[in-house]
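Each structure below is given as structure tokens.
The same chain A turns up in both complexes below, where it pairs with chain B and then with chain C.
For the complex of A and B:
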């Protein structure tokens, strides 16, 4: 094969790769957020047996490399459980669980950040544990958590680049392909890097706007 | 009737309440005096179910606070005002007051808000309903705390050192409101260090010392030379408090 230079079609390729990266990121973040929040609620209610299991699972996921988790799911699970798994399925499963583990940790500390005194007040006035979670803990915990969560999501977007290793054609994989074809690594990886940067910046900006809205109560509005 | 019988509460090896008996009839104002650590606040926390009893029984209108099924009903009948206000910082004054009436008593939102606004006006905060706690002064916060308790239309108002985090001027504001409530016939259990004020508004005074109830006397008798003042511990306490 002859090395060839860039063609206009490469832009389409890059955008397709970006689409795959962002799509997987959005899907796994959504699943991860939901799952991590559910785990945290299970812990709030101290569901016997279940919450210790959740904590243990979160510990495992957050203290081992994502790449190793990805290999375990993509190569290990099919061999051990005799199931078929496409690269996209393996990537979705791994990244969702990994995100969930970190969301769980953030959610737990956010719930614990809410003052005991207010919870006591709400209980004394007859609110149930669920009502306390919904009206008193929830809104304050989300305002507390949104900063760390946005930081986590920005990081998880970068982590998606690992899935190129198991053959998902994401932005990094497209970069790899273009690099091999053109042998112009400086240009290719600069463009790929800038595209990741733009996507991450967008997430961070949306996060800041959300954070400001959730924290409206602590902003001094003047008397 | 609010009734505590032989109440015992232990934290680790410390006995905080040791066989306390107390009953409060509707319409009464009962002040609980005693040094810090005498168990006053713990008694309030036992009445509203925040602490589990290690012995004895507390009933609010016959509902036993130690029984999970009856606790909800007991809690509906008592309203607590806290020393450090314990407001929900993410809610406006109005939302702080209406949360429990809407969620627990299932009042329609409009009705709960109308009542809350009336209560706020009553304590001189008619125009601050939309302020967040962070935008209110300590005295204003505590007035919101009182409104929040009153909004539940409790039969017994439990007040746990409600002025001890306030400066003298704010204390006077809050005590003025409590005096109005007392005149209006609100039943109160009033844990306080404000001796003179307790003397003015209470029907009865209870003195706790090291978890034991020392005396439970009508106000006049408590302050008379032959009554409470005849007990050395009380005479000593009162003389110390008055010097301050």
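For the complex of A and C:
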């Protein structure tokens, strides 16, 4: 086999990989955020039977390697439940559930960060449970949660690199392909690493801006 | 298909060997990352600006690039430099460097939490800067950092599963082999998932106990 050098088309390939990584990251983060919030609300209302199950599932997902979860879904589910599963579907399912588990934990502690006395006061004023959730807990909890959530998202972006192992052609897989073709590991992996780094920094920057906006009401404005 | 764990029975010794390999990697890597983390934490709290900047760059870089990409960088890159080492050593080195970035943050916050009065007292007693650091600052910092360092260890156990991507047959790698031998991926990965979760749960409980034990006599808001 003849090893070839880099071609201009490799840039397109890298950008395609980055697109797949970022696209899957955005999709799974969105699903995870929604699902995790729903889990937290189930816990908030203490839906009998369901919330203990949710807590257990979240602990299990949080405390096991994402790679094993991916293998379980990608190799295990088709064999056991006799369903067809493409790599992208398996990756979406696994990463969404994994994100949801972490979001659940953050959301629960965010809700608990709002003082009991505030909730009681709001109830005494005659607000319904939904109104309490919407107007009292929601704004404060989201301001509390945005910091940990941004850290989580930066981490989840890096976790997406694992889906290359089950065959999704994301940025890491493209790096692998280029590495095997050109045999220039230093250049390839430096470029791939820098692309991930730039994406992570972008998320962190957007997160800081969002946090500043959500915290604006409690910021010190001077006398 | 029926959920049947008994087919795993003959493969348990093989899986156990993988688990031992995982434990060895994690043990060596946690030692490596605490040593590296302590050095980097010293650099980050030093008064020399270039040193601080360099340490911050290291932490920032290795926290924001996926571990898989770092691993490939070392695994494919080191032979390019004429350094031929096996997957085990590469894995330990990569885990130590990545873990060191997280450990340094834990140790750094331990250093910053030390009361200035303690250091002033040591200076007044005429101890040299070196002795102050190795005999006073570092022991206190490491002791208060036990809990966050435990979180680093738990993360390392989970991250070590990624080493299966560079042909190291630790627990997850052995699981892959057993899954393809038995054609029962669901059972294998389900067992692995529960095993990892139980293991990390036990480790975090042990770390908590150790933390309480080492920090008895220190007021709770410091420990």
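Note that in this section the second predicted complex is superposed on the first by the 223 of 223 C-alpha atoms of A that agree within 3 Å, B and C clash if a C-alpha of one lies under 4 Å from a C-alpha of the other, contacts with A are read in each partner's own complex, and residues count from 1 in each chain.
Rule of thumb we're sticking to: a contact is a pair of C-beta atoms (placed from the backbone, for glycine too) under 8 Å apart; a residue touches a chain by one contact, two chains touch by 3 or more.
Everything numeric here is computed off the predicted structure, so don't read it as measured data.
Taken together in the superposed arrangement on chain A, chain B and chain C fit without clashing. In the superposed model, A:200 lies in contact with chain C only, and not with chain B. Using the contact criterion defined above for the overlaid structures, shared-chain residue A:172 touches chain C, although it does not reach chain B.
By the document's definition of touching, of the two partners only chain C reaches A:82; chain B does not.
Angle at the C-alpha centre of chain A formed with the centres of chain B and chain C, after superposition on chain A: 100°, rounded to the nearest 10.
Look at A:139: by the touch rule set out above, it reaches chain B but stays clear of chain C. In the superposed three-chain model, the partner touching more residues of chain A is C, compared with the other of chain B and chain C.
By the touch criterion defined above, A:23 lies against neither chain B nor chain C after alignment on the C-alpha atoms of chain A. Contacts of A:189 after superposition on the shared chain: chain C is touched, whereas chain B is not.
By the touch criterion stated above, A:123 is placed in contact with chain B alone, chain C being left untouched. The superposed arrangement places chain B and chain C with a least CA-CA distance of 24 Å. Shared interface residues of chain A (contacting chain B in one complex, chain C in the other): none.
Of all residues in chain C, those touching chain A in their complex are 1, 3, 61, 64-70, 72-73, 76-77, 80, 154, 158-159, 161-162, 164-165, 172, 175-176, 179, 183-190, 192-194, 196-197, 200-201. Partner chain C is touched in their complex by these residues of chain A: 59-60, 63-69, 71-72, 75-77, 79-80, 82, 154, 157-162, 164-165, 172, 175-176, 179, 185-186, 189-190, 192-193, 196-197, 200-201.
If you check the complex, the residues on chain B that touch chain A are 48-50, 72, 75-76, 79-80, 82, 84, 86-91, 99-100, 103-104, 132, 134-135, 148-149, 152.
Across the complex, chain B is touched by residues 115, 117-118, 120-127, 131, 135-136, 139-140, 143, 217-218, 220-223 of chain A.
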